[in-house]
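Once you've had a glance at the structure underneath, I'll fire off some questions.
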Amino acid sequence: MILHLINKSPAKSSALEDCIAVLQAKKSTSAMMLIEDAVYLTVSQAGNEALHEKIRTLALPCYILKEDLTIRGLSLDLADCFSLVDYAGFVQLSLDYDKVQNWS
Amino acid sequence: MNPKNILIIIRQAPYSSTLPAAALDILLTAAAFEQNITLLFMGDGVLHLLSEQNATSSGMRNISKALPSLELYEVKKIFLEESALHKRKIENEELVMPLATLSLPEIAEVTEKADQVFNF
Amino acid sequence: MQSFTLVIYGSPESQSSSTALNYARALLKSGHEIYRLFFYQDGVLNACSFNTPTQDEENLPVIWQTLIQEHRIDAVVCVASALERGIIDAAEAERYELPASNLREGFEISGLGQLVDGLINSDRLINFLP
Amino acid sequence: MNPKNILIIIRQAPYSSTLPAAALDILLTAAAFEQNITLLFMGDGVLHLLSEQNATSSGMRNISKALPSLELYEVKKIFLEESALHKRKIENEELVMPLATLSLPEIAEVTEKADQVFNF
Amino acid sequence: MILHLINKSPAKSSALEDCIAVLQAKKSTSAMMLIEDAVYLTVSQAGNEALHEKIRTLALPCYILKEDLTIRGLSLDLADCFSLVDYAGFVQLSLDYDKVQNWS
Amino acid sequence: MQSFTLVIYGSPESQSSSTALNYARALLKSGHEIYRLFFYQDGVLNACSFNTPTQDEENLPVIWQTLIQEHRIDAVVCVASALERGIIDAAEAERYELPASNLREGFEISGLGQLVDGLINSDRLINFLP
């Protein structure tokens, strides 16, 4: 049970894709947590929507840090593969899972 | 001496880098030196134009608030890449200010005519 | 109550430093404790005492310092990263014959062993990458 | 206290970041504290294993020279991602040292078993 | 006549692709100059080879800074769409073209 | 002979600083001249005098300084970037009541106008982005 912490935009890093590849390889009860520029994944554009579909297929939680959407002026009305959390929720998730693993 | 044609392109998304803020500072300084300035938002750079940004807890500068005041500095040539909004499903109404668009061939032309390009 | 070690890798100009700060505040507010803050790589620039931003920007080193002093947090700056980036304490200023220290009060310079100690002795170690 | 299982993953290419060098320093320190260490090269991280690197004019640290000496520090579990060499058309003979490979399901397993992961 | 200077790996940035898109849009006598992590483009792997083909189709020079291949241990035996230059060549190219435009 | 303004945006830890240095040496060797070096953003960290790397790494601020002094190059550090990052000259140390300057000899703190002046008055301005 790992909380995978991703902080780079999918346009700038293969972090999310590489993380998904490992999660696809072996069934687990892990989750993804997207912060900083990784929250640009929520913007509805072609490349992002393919990733949304991969997350749906994984059927694992994908949390989005609300504050990082707000400062970027991005919509809080998210696709169904995402859940919003605030910093308190982020801290709690860090404890709910066995460990936090970064992908940058 | 004739003013130089300076093209400033912002391509990086907000908060991913301090370069867009650096671009804005170069623009304001060059404007003070009465150079001929064009500002262009390309790709993820258009995300700076979203009107609902709120930088409070990020520790980084937000340039969206400064954009509407650029006219005061005689910076009137401000454009955005034609397909950048559509690709991100962003509507014109979501922007801090309305802007004219440039197609890729037009961008190529503006780029060629510039004496110096800062592409951040 | 759980204890956390937070490792900060990014400079005050990187959003990751603010993220770590917001995370630190949230965990304290939830009643948990910070075992140690470890400033590593460009993160050591958060411990500089010479920053005097002129713009409307926040002075992150001051905000970190306030948090550290209010909550009496152990805040360690990696010595190798610091020396490479020109952050020095009084002892190093003397050793290298430099005119002054620029390590902010509240921070302490030490080795990477303090990161590994945090890993061993706290419940969670969280990395904040730039 | 039992030693912790620490997994260090290097995914960034050489010279693009100082994080791989940071990972090596964490590894050496954790080894000195007698922790149980696994080192894994994934994706572009395998490029650190190319034997012909020469950092002289880059101003950045080159970790490839340090890798063959890791055994002295009792770091014996060093792996690379199975498909990473093939994808880059790199032959085993081009590497500074021969390494065992891990498939993605094996990587998932190693990751789950670790107490702490540093993934740079 | 622009020397387009690119310093990021194609895995980390759309810089090269965005540059190529502009070069495709209007015929010119510009050139590309790849330094630092951009030289990872020369590694023969699937995504890179598609970009090599685009550069061939453009039929514009694409210069690679030799020193940046050497420090990375990458082969100097390059695909036919590339030309090697050293720092002296890089300086000369900066003067041969009207201006240098970065893509990062 | 052509004149160049080089703008350095990356810290000594970024390869872009070394690239700019190698480029500067090559252009001088080819008989051209440097109108100005302008250190901007994290590039101002190349002008820090407190760096004392312990490792086998090169001390880039020292190498820049040597080049600047040997060739009497005009080396300007952006004031806003410097104040944000804790690089101060003697005047600012006094103004902000800080104990010492950490600006390396050979470098001078000034405004972005010097970048624009370089753009106007030299044949080529080259940006070295991190």
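A, B, C, D, E and F are the chain letters, set down in written order, and residue numbers restart from 1 in every chain.
Definition applied: contacts are C-beta pairs under 8 Å (C-beta built on N, C-alpha and C of every residue); 3 or more make two chains touch, one makes a residue touch a chain.
Quantities reported herein were computed from a predicted structural model and do not represent experimental measurements.
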**Q.** Partner chains shared by chain A and chain D (touch criterion as defined above)
**A.** C, E
Q. Going by the stated contact rule, which chains contact chain A and chain E alike?
A. B, D
Q: Quick one: how many steps at least from chain C to chain E, stepping chain to touching chain?
A: 2
Q | Angle (degrees, nearest 5) of the CA superposition of chain C onto chain F | A | 180
Q. So what's the Cα centroid distance for chain A and chain C, whole Å?
A. 26
Q. In chain D, which residues are in touch with two or more of the other chains?
A. 15-16, 18-19, 57-58, 116, 118, 120
Q) So which bits of chain A are touching at least two other chains? A) 11-12, 14, 36-37, 67, 99, 102, 104
Q) On chain F, where are the residues touching two or more other chains? A) 12-13, 15, 22, 41-42, 55, 57, 80, 127, 129
(Q) If I apply the definition of touch given earlier, which pairs of chains qualify? (A) A-B, A-C, A-D, A-E, B-C, B-E, B-F, C-D, C-F, D-E, D-F, E-F
Q: Going by the contact rule at the top, pick out the chain F residues touching chain D in the complex.
A: 12-13, 15, 17-18, 21-22, 55-58, 60
Q: Name, in rising order, each residue of chain F that touches chain E in their complex.
A: 2, 4, 15-16, 19, 22-23, 25-27, 29-30, 32, 123-124, 126-127, 129-130
Q. Can you name the residues of chain A that touch chain D in the complex?
A. 1-2, 14, 18, 21-26, 28, 99, 101-104
Q) In the complex of these two chains, what residues of chain E are touching chain D? A) 9, 11-12, 36-37, 40, 43-46, 67-68, 70-74
Q. How about chain E: which of its residues touch chain F in the complex?
A. 5, 7, 35-37, 67, 86-88, 90-92, 94-95, 99-100, 102, 104
